[in-house]
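Notes follow once the structure below has been shown.
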């Protein structure tokens, strides 16, 4: 056990994680506990989007450029579900409905995200897969680029460019943790991200379908040979990954109002994380969410706002020079080979 | 297969050629370009522009004398390069004789050259920053076609905030713990320009500038930044963003982290529907925004709400509406003086009557927002700034409604610090 | 007949590999396909397993056509395929791989029973239940691949090149295991390079050359056939 | 083979290509194209066309999508602009220094992405581009950030025609350089790397060397185009480095046909003109032109990944008629 621990500490992943923890501790002593709290909350949200992206990479071998748009769909659906509910509440106060209204909105977004994901697989990826699997990674990547352009401008054309936002999901004073005020929405978003990720984890580890998804990510032919319905699993995976992004978008509607390009930042951040830890590595994406969050928080704290884009990028480039397949290594063969 | 392919190609080329053929000119029609960000990140402003211009034109039934006005929408897409292309197209293909409005400074800088190149008089372009003025002043004759800006440089306006706060300290209505101020802003020409002006003014009045942060216009997570300000214990946070999600998120999250500072959020109220997103966290926030005080102004806002389904902002839609009406006045004057509406004559009026301060547009003419829009040789391209002319009062918000707290002779209530 | 392959034509894209291949296997038989490299042995198996869609021809399993229905449905009909590359789930443990083999089964007690049987046949797997498949040796992985194929309780097991890359001793133990399975009543279709060994354990055999069935018959007869001896055994 | 054919062969042009260029050359004098705004559109199209050639040189041959293409193009533009604004250097020299700067960054990006494959390298190039854009935004003292850098124009004239001929020339030069490299031994090595890195390695091709050559050249050309951009529009903002600009070139290059060089350039003119028409004609439906962009890219990727060039090769390139065949293929290609 201790041997394994020492070996882990000396691996790239171990070094980076330990270094991150050390940095976080130093910064917390230097500036105060809000650094830790902010990192934890931002990290949970980033992880949710990154895990979905990693899932698509790992299972479908799709390097998605359109993932942020499912985040956008999440914000859009949550807005159009929550706003009428809230208007109704304004005239007919009901504590129970006020409690569940945000949950209804987020659930609706989850369903819509899953439907959009499934449709994408059925209408776009499946036809492409049937036609040719040659140069798949690059072609599917370009396909997602086209899809992103389509969805962003489709939003603009149909729903307009205005910012569709809400004041908040939950009324009430902010919660205080370690002398830091945290709004209820933010706390809820954090808890939700943790719950969703845990549920996702349990699902992948223990259920038959979860195992089948992992099996497909490791060997597609092998999956067919044991009787897994590949196309069903691919549709399901796409729906699951997109649903995760939509849930993230919906639960963050108070922070990111819905507008056509709202998904871009989520996309950038998810890609940062996924590249940093290694393509398709789902555990890595979880950890990476928190590391990138820390990086962002520290950059704003010590260097200045606006640099939280430049500094993490530069660091990631540095990491990639030394560890081209990411700090956790990569589980995905296909992506690397092409 | 092959034949069909060529047919498609030929048909495509022909249709491009046909569609691109110059539109036939009709007598006694004046084509007026309206430059604005109708798509892209600032499309909301573009929508306010469009509604306001249409409202103003409907009032005169698109007629000036025996001229019929035809509007040509020029989409800047918030991109100087694309804006110049679209502008040139509007001049050549659509045959516009004059144009008005604009939102970004970067677009203004590029569009000024197009206006000068085609000698198209352009009226009331926003795009406030110094870079526009510097360019204008480098060659006043050439850029006289960029007739008059719709918004003066931030430095001329923003001093009101500092005066308002100092005034409150002097009177004893506010006792800050320290004189520390944090400057923030969106990382754009506008944000940096206003941020720089505020920094200078606060420093001149003996305030300590703790930090200066500019963030991407799309940023909406300010917890780390605001936590930093909280730790630093600043009494005032001063800055701006033109993007509604950014500005409202900033204000909302400042409330969430329990920041006790006075917040100056210049531009919070620019978007008509801001309160839907900012909520009660905006109580006590300072902004500098013209108010819809007169019954005509309130009627105008209701009309827009009824017709276009959004609540217009005085500073985007309202100023644009006034600018359009002033332009109508200019056109009428041109027709009266020269008997014909064309580029040259409109430009002559710019030079002879606007830039000399003869032709103005005031509340008496039907201005909704400012007392008087007036330009003179010293001020151009900016309008004259002053309480009797172009002036923004400082307002403080309570439950989404702004009340003027400065200048004293306009004030509707006293400045109140957060408890 | 358990499996009937009639006039099968198949290949990759424009490249046709199999020409009018016909094979028949009865219940309980141990049948092999032998042939030189590139003759189309693996392609035949992959086509039967549903991984390749034939351009023409028929594959009947228990009298039902199974060509073109998709790989996962073929498995559900009762055909297990152990490919040359094995296609194991390398980041899963031995036990998880076996569980995946039983993906099409719903009965938990049956799954448990099959797993115990497989640990009986391949005790090495039982010793390494929680080891990741990717970290095992070649012989162990071969056993795991066969074990995984058996988990689905198939009526027909197809094994492609079980001896490829294995030490002779390990090869022998794999063949022993296959013989035990046939004695237990399983039908097996085997593809092998090792012609002598293969013809000595199987009941019947097909000789595949350039994508066509050249010879067919009892394994013992094939082993004596002059052509086979010349081409494959170098005698 | 006569002298004309020999020259064409040297330049990797076909009679059809020459005719196309000739049409483009006289276009500004043929109504309706003799209007300044249409010439502006033509310039935009030619810029995209030249960009698509340089982009395809990387994407179509070594199979790496340079997602930071416009960021590197912007670097060239900024370098030249800053030199002319701050040092007073004439833009005619500045653009070459800008190109060199872009080439150096291309060299470094090539080095960075050396050990990375396919999509990794694309994302890495993307990050380089994002970092570059971040720097251009934050280094206000040098670039004036989002305020925009005003730049001197190349020609002191209001007419767009000189710019049009300059960008046509740049497009042609880009094409000739890229196609000559591709037709040489180096080009064969590129294709080998693009198709199968491991096989290329085992057959003695050093991927490091060729990848760096490819990146450096492609980025140098991009930098040159950036210089043109800077001194044509007269203003530079960090937006020039935005990913969406790269996407525009990418779409044109792939719809035109990867690995053909000429496909993107040929398709750029009708495509950009049509898009501009849609945009200006249907201005009450904002974003429709971009929706068509996305849709077309998706359809091409699913149903015809080879793009226009492949379609051309399959259905048009080899007509029975000998004169037509000569026209399409020149004397150098026998069928």
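Things to note:
Letters A, B, C and D mark the chains in the order given here, with residues in each chain numbered from 1 onward.
The working rule: contacts are C-beta pairs under 8 Å (C-beta built on N, C-alpha and C of every residue); 3 or more make two chains touch, one makes a residue touch a chain.
The shown structure was predicted, so the numbers you read here are calculated from the model rather than taken from an experiment.
The chains in contact with subunit A as well as with subunit C do not exist; no chain meets both. Most remote from subunit A, judged by the distance between CA-atom centroids, is C.
Averaging C-alpha coordinates per chain places the centre of subunit A 34 Å away from that of subunit D.
For the pair subunit B and subunit D, the distance between mean C-alpha positions equals 37 Å.
Mean C-alpha position of subunit C lies 53 Å from that of subunit D.
In subunit D, the positions touching at least two other chains are 137-138, 286-287. Across the assembly, subunit B contributes residues 39, 43, 187, 216 that each touch 2 or more other chains. All chain pairs that touch, listed by label, are A-B, A-C, A-D, B-D. Only residues 39-41, 43-44, 46-47, 184, 187, 211, 213-216, 218-221, 223-225, 227-228, 230-231, 243-245, 248-249, 252-253, 256-258, 271, 273, 276-280, 310 of subunit B touch subunit A when the two sit together in their complex.
Considering their complex, residues 63, 124, 127-128, 131-132, 134-135, 137-143, 145-154, 156-157, 161, 260, 268, 271-272, 275, 279, 306-307, 309-310, 313-314, 316-317, 320-321, 324-325, 335-338 of subunit A touch subunit D.
Subunit D meets subunit A in the complex at residues 63, 65, 112, 115-120, 122-124, 126-128, 130-131, 134-135, 137-138, 247, 250-251, 254, 285-288, 290-291, 293-298, 301-303, 305.
In the complex of the two chains, the subunit B residues touching subunit D come out as 1-2, 5, 9, 12-13, 16-17, 19-22, 38-39, 43, 73, 75, 79-81, 84-86, 88-93, 105-106, 109-110, 113, 117, 129, 131, 135, 187-189, 192-193, 216. Against subunit B, the residues of subunit A that register as touching in their complex are 31-32, 34-35, 38, 41-42, 156, 160-163, 165-168, 174, 180-183, 186, 254-257, 259, 261, 264-265, 296-297, 300-301, 304-306, 308-309.
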